[in-house]
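A, B, C, D, E, F, G and H label the chains in the order they appear, each numbered from 1.
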Amino acid sequence: MSDLEQILQQVRAGKLAVDDAMVQISEVQHQTIESTTIDHAREQRTGTPEVIYSEYKTPQQVLKAFELILGNGNNTLATRLQPEASELLLDRIEGVVCVPEAQIAYKKLTEPECPATHIGVITAGTSDLSVAEEAAITAEFYGNIVERVFDVGVAGVHRLFSRLEVIRSCRVLIVVAGMEGALPSVVGGLVDKPVIAVPTSVGYGAAFQGIAALLGMLTSCASGVSVVNIDNGFGAGFLANLINRL
Amino acid sequence: MSDLEQILQQVRAGKLAVDDAMVQISEVQHQTIESTTIDHAREQRTGTPEVIYSEYKTPQQVLKAFELILGNGNNTLATRLQPEASELLLDRIEGVVCVPEAQIAYKKLTEPECPATHIGVITAGTSDLSVAEEAAITAEFYGNIVERVFDVGVAGVHRLFSRLEVIRSCRVLIVVAGMEGALPSVVGGLVDKPVIAVPTSVGYGAAFQGIAALLGMLTSCASGVSVVNIDNGFGAGFLANLINRL
Amino acid sequence: MSDLEQILQQVRAGKLAVDDAMVQISEVQHQTIESTTIDHAREQRTGTPEVIYSEYKTPQQVLKAFELILGNGNNTLATRLQPEASELLLDRIEGVVCVPEAQIAYKKLTEPECPATHIGVITAGTSDLSVAEEAAITAEFYGNIVERVFDVGVAGVHRLFSRLEVIRSCRVLIVVAGMEGALPSVVGGLVDKPVIAVPTSVGYGAAFQGIAALLGMLTSCASGVSVVNIDNGFGAGFLANLINRL
Amino acid sequence: MSDLEQILQQVRAGKLAVDDAMVQISEVQHQTIESTTIDHAREQRTGTPEVIYSEYKTPQQVLKAFELILGNGNNTLATRLQPEASELLLDRIEGVVCVPEAQIAYKKLTEPECPATHIGVITAGTSDLSVAEEAAITAEFYGNIVERVFDVGVAGVHRLFSRLEVIRSCRVLIVVAGMEGALPSVVGGLVDKPVIAVPTSVGYGAAFQGIAALLGMLTSCASGVSVVNIDNGFGAGFLANLINRL
Amino acid sequence: MSDLEQILQQVRAGKLAVDDAMVQISEVQHQTIESTTIDHAREQRTGTPEVIYSEYKTPQQVLKAFELILGNGNNTLATRLQPEASELLLDRIEGVVCVPEAQIAYKKLTEPECPATHIGVITAGTSDLSVAEEAAITAEFYGNIVERVFDVGVAGVHRLFSRLEVIRSCRVLIVVAGMEGALPSVVGGLVDKPVIAVPTSVGYGAAFQGIAALLGMLTSCASGVSVVNIDNGFGAGFLANLINRL
Amino acid sequence: MSDLEQILQQVRAGKLAVDDAMVQISEVQHQTIESTTIDHAREQRTGTPEVIYSEYKTPQQVLKAFELILGNGNNTLATRLQPEASELLLDRIEGVVCVPEAQIAYKKLTEPECPATHIGVITAGTSDLSVAEEAAITAEFYGNIVERVFDVGVAGVHRLFSRLEVIRSCRVLIVVAGMEGALPSVVGGLVDKPVIAVPTSVGYGAAFQGIAALLGMLTSCASGVSVVNIDNGFGAGFLANLINRL
Amino acid sequence: MSDLEQILQQVRAGKLAVDDAMVQISEVQHQTIESTTIDHAREQRTGTPEVIYSEYKTPQQVLKAFELILGNGNNTLATRLQPEASELLLDRIEGVVCVPEAQIAYKKLTEPECPATHIGVITAGTSDLSVAEEAAITAEFYGNIVERVFDVGVAGVHRLFSRLEVIRSCRVLIVVAGMEGALPSVVGGLVDKPVIAVPTSVGYGAAFQGIAALLGMLTSCASGVSVVNIDNGFGAGFLANLINRL
Amino acid sequence: MSDLEQILQQVRAGKLAVDDAMVQISEVQHQTIESTTIDHAREQRTGTPEVIYSEYKTPQQVLKAFELILGNGNNTLATRLQPEASELLLDRIEGVVCVPEAQIAYKKLTEPECPATHIGVITAGTSDLSVAEEAAITAEFYGNIVERVFDVGVAGVHRLFSRLEVIRSCRVLIVVAGMEGALPSVVGGLVDKPVIAVPTSVGYGAAFQGIAALLGMLTSCASGVSVVNIDNGFGAGFLANLINRL
């Protein structure tokens, strides 16, 4: 029985004055919106209530947030983890898994239901590995099976063709590329699945820390391509999970 | 029997030299990739082989392309239509439907299968109407049912809440906004569905023809949001259809 | 009796030649403009004659400026304090208060008059804390009571609603946000008070060190919002004090 | 008696089931937020429920919006009015006032209460006149008395000094400037009142349609200065009214 | 016998004083550098002394320049020709050839020697046609045979593969693309010839009038690619001719 | 006898109270700064009190300003003149001189004193002519003799060398260039005179309306070069006159 | 005998069913495209199969890649080498050559055929040395003879003239410049050979890490100039080798 | 007797064949241009042949350059000196003067002639000190007397007025400012002397490392102002010397 229902029952039973009920409903309503409708829904559907973005946090803050979420009985994920925070988690959270090349740490208490379809993570070059792994491990954390197709950039486009079968078998594709960011356009022209493009800050000079790749992906001549922020592997993995569970 | 099979049969039968077979296979392979695998697939899955982007074409070029695609027995869609091209199509293509406020024209020969789930198109203000309609009509052209939730921008965020039920009932959401482009962040925090954000070039001064909205959407603090090019209503509608059919 | 009056009295008494008086008046006039009209006014109204911006100063320079202003009997405030300068001040100025997370140090000799109305400081996320505290402590330094409403960003907009009463009770609001900087738009649509928006350099990729937030705030679809420089918590606190004392 | 109170009374009286009450409360709550709390408040406090931004609207759309707001018994204001829309309003709305140089039209049904203090509008050059008048007339529309101090840019800073008395007599100042946008810094250093800086798109070359002025104002070395969007005279006038009524 | 030799002979013969010779040599040297070494060389090697860039010239100025160069017995080429200038040339220069879609006019008096190898001009889409034709006709004007491979953009990369043989048969390739500008990367990975990339201003939104394509080409992950200015078809054709004649 | 002296005399004579004298002095001081010191000085030294920048003015406003300045007995100059304003001036101001290619009109009542030394105006190409003439005619308006050295851009640097003698004979040089803006660097390396560089908005694509030239000039590897705004021929001519009169 | 030929022989001999052959051909075809056609061609023509871009790799990764390529019997080149990687290579690869100022290491097993013509590498200043040496050593690694013409920037353009003979003797020119990047324009106007311009990130302030030079080179008024990415010495050397071998 | 004259004498005397003379003249001519005309002129007129820009040089390279120039008997100046280079110079060059806050070192062998007029160096704030001193010491190195007017920024414009007399006594003014860079506009409106504006990279957020100040100075509403690169104190001092010596 919800809080709102309880209040109404009390009003009906004459145990609560109308004026007092109005104040209580106002408070409960917010809690309702806050906790139940939105956060609880998020928890039940995606398997975790919140993710810890560690970049602007001290190791202690990361640890505290990790313990808090874990303590609520949730699977817990921390991204953009600095080495010090990583060590602290390893030291203090039993059973935590740290993936340094993806700057990720996580601990699962329950295994999320695994969708039948797969998510593909494709990279242009080995330099995009870190962002790609952030995306892949995020998707796996939420219970998906991930197909990795790495180092198939457009300067050697034949490499992509030899992997076309596995690419086409996925339900949604994450394409990670730096420099000119052309790979999502090529992939988008070869499949009929949603393509999530992730520009990376890899490259020098006119790459401008990912701007060249970002603009290239936004202006892609292929339909079915959408873009997330530069280096935002987590966002891509999170979105791919949403789509894969539809 | 495929071309490749025929060649091999001829080799087996000794009617074709190995050298000549190698040349023929190379040619056939390309045709295979070109026509069958990719283009035919596109046709069968999305309901249309190609879309006419009219912005850089003369009215005559648009008409010609329209007739060509239609002549192949396909449903046909033209976007970014200038008034002259629109008039020419109305004059020459019987049964064409023109939607001036979306700058779109289309003609359907067959009705695509209609998915059970809906696509939501949400706008921040009335100025975003044209781009939003481009997205909505594109999605409808591909056979989807579209829920329109217009003029619910963040400066009056209560308007959004009163429409939350219909928004949450959709399988995928297109959120169209200019100026600061904040609406996708708010929507993304209220739903657990994929959000396709479309920045528009609406606004003046520091809006910089959509750059402010674009950056705002890319850096959205809500997960589950991805972005297409500025004013790219078609791209959003196309992608939403892909996702809605998964 | 002012210097100008003294000179004129001397002229009247015949103790000073007209020519010499003209030279003296020219000199005094500058001092008048310089010290009395402007600086003295500033002192009397805001409670401090000048603030020390420490970012480009050595610890010694900061200390010297601090002692100088304090020595004139003024309440003294230093912002953007590096740790070394902070330590030096703690070591050398008795009774100085250092707030590391806001990079601020101050010492009050007299308590400024406290306005009856409050200033609200609202943040989108915990990463904006440092800038928000710079704003809040500045406002407090000038004698205001500050209401802190932290971590109510638009990706979970319900958090904002549950704090609406306290927000609406303030006379002027400072809204601090990084990434897409959408919070001032939402707040501006819910209140009829001036909103001072502070973009922060929090975020990565297309956040471009605060440019995304800055553009988002400048193009806000809500009226009543104005913007200060990226990370300029001091400027927002100073302005809020001016408005709160009107 | 509010809707919420009525529902609770019905629950208490046993006339309404708890389940039905929960649905009704949810609906009422939204309506409450939507209509009463926010929009009605806006109307009562600022004297107008909404302003028509005409730039992206056809003359007919502007007319229709004007009639709608006016029909609700409200004072009505339209900004960024194109000549055709202006003519249509003059032709169809009796008693409408059009100010072509400010691209504004308005009609007042009731005169808003006039604050005792004044708002100052200061411009650097005659080229900033249009934006300055948009600000000034907006402030006057909301019932304020405006002091205009025009053409006192920093290249002849003495002009500013001769008007200092009237400038200092205002409660809040709007400073409008294009090109290098230096005037707000100079004014901000001479007064202890809030300064709202409006960059204009006046200038050529490296003025970049107002970017130079915008950056200059954001990085102003004077405290107490905040900035609105380029050419946003309305926003400045609206905010000045908010502050002047505190 | 050169001018310098003549002066020296006169000095030797005692007909010219050393002092006078020094002045004369100084003057001649400049003429030598100016006319002979550089301009004459240009004429003899490339087949034309100068090209008329018409964009900032009136039709009369274009005509005058055309007649002047032609009058010196040179093959003459004008680029970026506006329709009025085109009509004037057609009216006044007998035998002039105008190519409206490339905005080019030319007249050849002598046919340049034709290199045995070909130049390839490849485009991503039909919208790049105008710039591609400017490049192709420029190359042809200088006597080269051009292979046109149009509309083979990366969103349908199989189209490119079916034309690979002709592409690989060329000695130098011009690749013209707008939007994300990814085609040169793909081509550069398939050939071992110099690739001259030409970004076009085709596209909308984040294409930023060719900036996206330009950055994409500059950061190409394929080696052997260099870039000319946005829409600079002439520059690409000119350079390709230089390379094809090596 | 100055106003200040008069007041002091009156104080001495006991005709004026000290209090009243203080108010009067404050007023007089401002007038002194305003009219005499600054404006009169400007008039006497540069030969004109003010210049009319016509770009944002109507023809009537230009005419009125022209008549006002002329009526005060001053030589009068209007820049950035649109054709309509030009015609109006020709029609109404007897003896006005209009130079359409420089968008300038002027009338001299008295001939300014002519310095013995000359000002050089150098351009890279014929497209820079308009800005160069604005600079040259401005310099001539103020009484200087101008040496024009046009069309000597760096792509044919020998043209510059043949004019080196006249260039070196000038006291100050204005160098006007668009596109890559390299000419001031070359000139700056050949002379020991101040070089005023004027970037022009000539060029396409990556010229970005003069940004390429502006950046090139600011980063010039030659010393002695300073830069004015894009297309600011007037500013260069004005500054050159200042320097030539030192 | 190729794999494809073997399969066909087996089909002819009846040893392989047509169905099985079709599967095998599909697989082989990819390998064919991948290994033979493209990579083998690259090897045979340019003398190396791949180059190691070291910037985003650990010393161990660089070493491993180096050994792999070398182990296949290829000449091996690593660019953008950090000191640690350099030391590791020197320690572990016998006979490796490290060039610290060019951040390059290489080892040749066979000496590539040396073209008769030379490649010129020209720099504006000594600060461009590192990028220029990356270009020069790359060109030499591929077997070319390189003429170095260093420190001949446009601020002392006479230095360039004294080296003109050697410059004109080269078949293709690499011109390296930072700051305003004007040197390629001047060189391009003096020769009739392809000029590859390399902007460097040398300079401060408005040089913007090479943007000024990049824009200057893209908008060069000289024909025959194309541009590679900022600081991309390797790319220029690679392209020059391609051209020199045509 | 010049080299050219010697050759001609030898030709006249029959000691040198005309052919050989032509080759020798060509070589000599370059030397003439190179050494005599330009470099010698620079030396004689400005008092130093070249200045060492140390930012991209190792301490050893700086030392070597210093010794070389000094060894030729010239006054020697090094700018942008890092501490290590500074120490090395102090250790190895007897009598060298190092000014750490200006990052400058110099040694004078002869004192340049001192012009009668002075150069003014004005700064907005204490943070601009380093750049201002670079300018001032450069000007002094070339023999000028410098008036320093520091910390008179526009937020307290009265400070500027009290120093107006000394400012107006200078022949040329260098105005150094960061943040909004408004000071040159104010100064330019108060004097009739050339103003050289130096933007500094001081400031945060929207100051964008000097871009705000740079744009503000370029678009200054005051005439007589020109701009050098961000932080380019040397360039301003060098140019001021050129002007002061005219």
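Structure notes:
Assume a residue touches a chain if its C-beta (ideal position, glycine included) is under 8 Å from a C-beta of that chain, and two chains touch if they have at least 3 such contacts.
All figures in this text were calculated on a predicted structure; none of them were measured in a lab.
In terms of the stated touch criterion, the partners common to subunit C and subunit F are D, H, listed by label.
Where touching is counted per the definition, the chains common to subunit D and subunit F are C, H.
Each chain's centre was taken as the mean of its CA atoms, and the one lying most distant from subunit B is H. Both subunit F and subunit G derive from one sequence, and where they touch, over half of the residue numbers involved are common to the two copies. Chain centre most remote from that of subunit C: E (centre = mean of CA atoms).
For the pair subunit E and subunit G, the distance between C-alpha centroids works out to 25 Å. Our note on geometry: subunit G versus subunit H, Cα centroid distance of 39 Å, whole angstroms.
Rounded to whole angstrom units, the spacing between the C-alpha centres of subunit D and subunit G is 59. The distance from the centre of subunit D to the centre of subunit H, each centre being the mean of the chain's C-alpha atoms, comes to 50 Å.
Residue positions of subunit D touching 2 or more other chains: 38, 156, 189-190, 205-207, 214, 218-220, 223, 229-230.
Touching pairs of chains, sorted by label, consist of A-B, A-C, A-D, A-E, A-G, B-C, B-D, B-E, B-G, C-D, C-F, C-H, D-F, D-H, E-F, E-G, E-H, F-G, F-H, G-H. Subunit H meets subunit D in the complex at residues 124-125, 153-157, 179-182, 185-186, 188-190, 203, 205-208, 211-223. Of all residues in subunit E, only 2, 4-5, 8-9, 11-12, 14, 18, 21-22, 25, 29 touch subunit H in the complex they form.
Remark: subunit H residues 38, 41-42, 45-46, 51, 171-172, 189-190, 192-194, 196, 214, 218-219, 223-230, 234-236, 238-239, 242-243, 246 touch subunit F in the complex.
Only residues 30-31, 33-34, 37-39, 55-57, 199, 201, 210, 214, 229-232 of subunit G touch subunit A when the two sit together in their complex.
Taken in their complex, subunit B has these residues touching subunit D: 126-127, 156, 158-159, 161-162, 202, 204-207.
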